[in-house]
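Same chain, two partners: chain A is paired with chain B first, then with chain C.
This part shows the complex of A and B:
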């Protein structure tokens, strides 16, 4: 029989981790909502963020969280030409071709990471990664708390960007109806390029948080891709605040799964829920098709 | 000569050249002794695969430096064909199939961990091809089937599982005797965590306050760590692969859980465990079976050679893989034939001390390497038990991370 402390700490950890999961899923959700892109390389973009942070730490001694925005910016700049080169030429050719292109890219990136950094397991080391925070009977890893706050701030910033800027208006218009948006003077190609860059930046920043809390190898990305898809469906495709709510819900439900069945069954509970939502409410918790 | 005739002549010349090349490479292949290995060069176990590849290749390189192996009265060079199994047993099986059918290897060297080794060994067994492995715990190896063509040189799980208990008794370590066991549900994790550790604990008068199994791809251990902490366990025994062991060690510290004794089998073994966890590695114990300081022929030299060539710290896997390859090469030389049955019979007769220690197979095709306990201390792996092999003093209890 588990004690109240264990249950409360596990649920609190799940809640906080859910925020990080939401940030990870956000990039996938935006790309899917605006570009109709099933980005199967999303996990690799995430892991690239962790490796980039590891490289930055080794080269400059910069704390991984202090370098979070740098990693996001670099990944966005890398993603821009990638989108122009690989995805833009496939515009209007259905969802399959870009999806398979991203699948190919994921394998290439995994192999490149392995060549560059070996297949050894790594982690991003910082003092707060091994410290607990206690509040009454609840004890959670400090890094989860920091990760949650940062994730919520980033998700909030993306929401403001999409809801209150001209880029956001163009993005929402492209998401609703690409042809109509183009007729109204929106440069859809440009919007797609920056949307992909935004998604890559979010994934990479999520990767840094994952790297500080857990461990990573070149092939770790796949497991986060699956759970990200579940969160996107749960939150509604392209719905930013829905993604945050779904991420937190997923984290909590995973923790319920861990408390009831053991840590090994976290993903099982999450994915069963994913299938249930898909069957009962395909549009997700929030209304689908409405980016913002 | 018409254009058509010229074309036909050119085509014939080209065909002749191609056939000639094929014939000469076939002749070269016929002169070589071909050995195959499917190794985890990518995926979660890539850390082990890199050491194994070096061990196998070094043994082959040494054999070739000595002029090769005498087969049918003629010295022949040895060629090792390595394929990456991506830490996937299905790929190990298909790689083994390809190495036997396409590359026509005469014998195989094994992958690492039961899931991978057994997958390849089952294919080799079916095809009646000898396979020698140095990275498959013996109980997990023996439990699969009665082997005729697969041979394992490694530690025995009961020896490994009882080692922490024997060490605590030998050194008189004071704890509250409460144990938490956290083990993956892979073949060896299930044997060690599910059966052998509880048995050893019971025999030693310890109380198992928690025993949790988890799948091999889990990264979040928050609930089980919180449970272990709440149970008041002062001894934690973990059996997990490196990515999990690293994540779990961080999460234990992040939960403020500091047992007195922490053993992390498998996962704490590669050097990158210490690199990734930094000071959190200090004091973590892992079962070991080899150190360059052990009195076996070529032990110190092998480690020095590895470190010079790769600029990395040695691992015990260079010894088991080197020994496995040497056992196979010696057997081929003793058989003086490429006949697989004769090679297999020669492997069975092995009775020699190699770099990893004495090798002599029992009726179940297994040769046990005695267990030691190693502990990470300041980024270095130190043998702390048994006393007659220790080259360092045990850190006890586990210290707070700096």
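This part shows the complex of A and C:
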């Protein structure tokens, strides 16, 4: 029989990790909502963020979380030409061509990372990664708490960006009706480019947080892609607060799954949940489903 | 009626000559089997399995518009069912392979409600999730050998025998494809692919059509997976449910030509030749495959076959 302490701590961990998952899913959600892009390379963007952070640490000795925004900015700058080179020329050719292109990119990146860094498991070490923090019966690694707070802050910042800036207005307009937005003077191509960059930055920053809390290899991106999709489906495409709530719910459910069935079942619970939601309550994404 | 006639005209049935190419090639391969070296049989087996999978995927994606990233689920299920049927019940190979196909089709039926609920690309993501979920389940669940997998209790048949089995799979697949792409079913399928609502308006039931093609393709994939399992003599979740199957099949059809009858064959030869050329550099090989895929999607959306066809038409505009 498991003790109350273990269960409470496990649920708290799940709750906190859910915040990080929400940040990752948000990147996928904006690309899907605004560009109608099913970004199958999202997981690799995340892993690239983690490797970039580990490179930054080795080169400058910078703390991974202090370098969080640097990693996000660098990935956004890498993503801009990538979008122009790969996605922009496929505009107007349906959703399948860009999706398959991103799938091609994902296997390229995965294997190049493996060639460059080998398939070894890595972690981003920092003084707070192993240090626990306690509240009553709950004990969680400090890094989970920090990761949660940072994720919620970034998600909040993205919300402010989308809801209260002129870029956000253009983004929302392009998302609702691309042609109408273009007619009204919105540079839809530019909006798409920066949306992709925003999505890549969210993924990369999520990757740094994942790297400090867990470990990563060149091929771990795929499972984060799928978990992100499950969260997007649960929370609704382009719905920022919904994504946050769904992320936390996913984190909690994964922890419940890990407590009940064993740690190996953590990701499986998320995937089965995703398929169940699709079968039973797909309303959360009904709008995007129709346009797709 | 007019709608159907229009569709038939658009279908442009293949010329009688080109219809004979596939049977002639298969016959030639069958006759040549005793002459082939072990290396040729090995490569040939891989080519034939890949061709079966690619034909099935092409039926699903090219003709049905259902782009699946779940190939590995059905390959894996086929291989595990074969192993189970042989080990537990002592079934002969052919019955165990057939069982692999049938259970794969049943899996497709079972998940159809989830994967078809939303249109378009959610099918793609849902099938990817299915493959990953099955792989994680097989790794963690101890009932089917867990991460180490299962061994076939009897010795697998010889290479030449396996080649024959793979060849018969391709014959079955070719027959299925001829019926599925040359009959009334193909018209219904294309109607659903091109406009589900319009198809429903004129009395087609999209769910049934999609389910039928999904089960048919999964059946073929299950057969191919079972045959692969038989050859290996052992199954384990990382290999049989691995994303590599999905990548290979996808690249074959995209490079060959999606929705074109000759696409999978041309693509399979290309992909197997490339994998042989880069056999010593597995990671580089996959990265290059990805690059070729991206280039083909961008510059030759109908693959090598489509490219050759447009070239041919340009040179002889009257033919």
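One rule holds for everything that comes next: the second predicted complex is superposed on the first by the 283 of 292 C-alpha atoms of A that agree within 3 Å, B and C clash if a C-alpha of one lies under 4 Å from a C-alpha of the other, contacts with A are read in each partner's own complex, and residues count from 1 in each chain.
Simple rule for what comes next: a contact is a pair of C-beta atoms (placed from the backbone, for glycine too) under 8 Å apart; a residue touches a chain by one contact, two chains touch by 3 or more.
If you're wondering where the values come from, they're calculated on a predicted model, not measured in any experiment.
K.L.:
Is A:62 touching anything from chain B or chain C once the two structures are fitted on A? First, second, both or neither.
P.N.:
The answer is neither, since A:62 touches no partner chain.
K.L.:
Touch test for A:262: chain B only (first), chain C only (second), both, or neither?
P.N.:
both
K.L.:
Just checking: does A:241 make contact with chain B only, chain C only, both, or neither of them? Give me first, second, both or neither.
P.N.:
The answer is neither, since A:241 touches no partner chain.
K.L.:
Taking the superposition as given, does A:100 touch the first partner, chain B, the second, chain C, both, or neither?
P.N.:
A:100: touches chain C, not chain B.
K.L.:
Should A:13 be classified as contacting the first partner (chain B), the second (chain C), both, or neither?
P.N.:
Once the two structures are laid over each other on A, A:13 reaches chain B alone.
K.L.:
Does chain B (first) or chain C (second) touch A:142, or do both, or does neither?
P.N.:
A:142: touches chain B, not chain C.
K.L.:
In the superposed arrangement, does A:223 touch chain B (first), chain C (second), both or neither?
P.N.:
So A:223 meets both chain B and chain C here.
K.L.:
Identify the partner contact of A:73: answer first if only chain B is touched, second if only chain C is, both if each is, neither if none is.
P.N.:
Touch partners of A:73: none, neither chain B nor chain C.
K.L.:
Classify the contacts of A:176 with the two partner chains as first (chain B alone), second (chain C alone), both, or neither.
P.N.:
neither
K.L.:
By the touch definition above, which chain A residues appear in both interfaces, chain B in one complex and chain C in the other?
P.N.:
Touching chain B and chain C on chain A: residues 110-111, 114, 223, 262, 264.
K.L.:
Across the complex, what residues on chain A touch chain B?
P.N.:
Of all residues in chain A, those touching chain B are 2-3, 5-6, 9-10, 13-14, 17, 110-111, 114, 118-123, 125, 129-132, 134, 139, 141-144, 213-220, 223, 254-255, 258-259, 262-264, 266.
K.L.:
Mind pulling up the chain A residues that touch chain C in the complex?
P.N.:
That would be residues 38, 40, 86, 89-90, 93, 95-97, 99-101, 103-108, 110-112, 114-115, 222-223, 226, 229-230, 233, 261-262, 264-265, 267-268, 271-272, 274-276, 278-279, 282, 285-286, 289-290, 292 of chain A.
K.L.:
Considering the complex alone, what residue numbers of chain B touch chain A?
P.N.:
Those residues of chain B that touch chain A are 41-44, 46-47, 49-50, 185, 212-215, 217-224, 226-227, 230, 242-244, 246-247, 250-251, 253-256, 270, 272-273, 275-278, 280, 401.
K.L.:
Where on chain C does chain A make contact in their complex?
P.N.:
Result: residues 67, 69, 111, 113-115, 117-122, 124-126, 128-130, 132-133, 136-137, 139-140, 243, 247, 250, 254, 283-284, 286-287, 289-291, 293-294, 297-298, 301 of chain C touch chain A.
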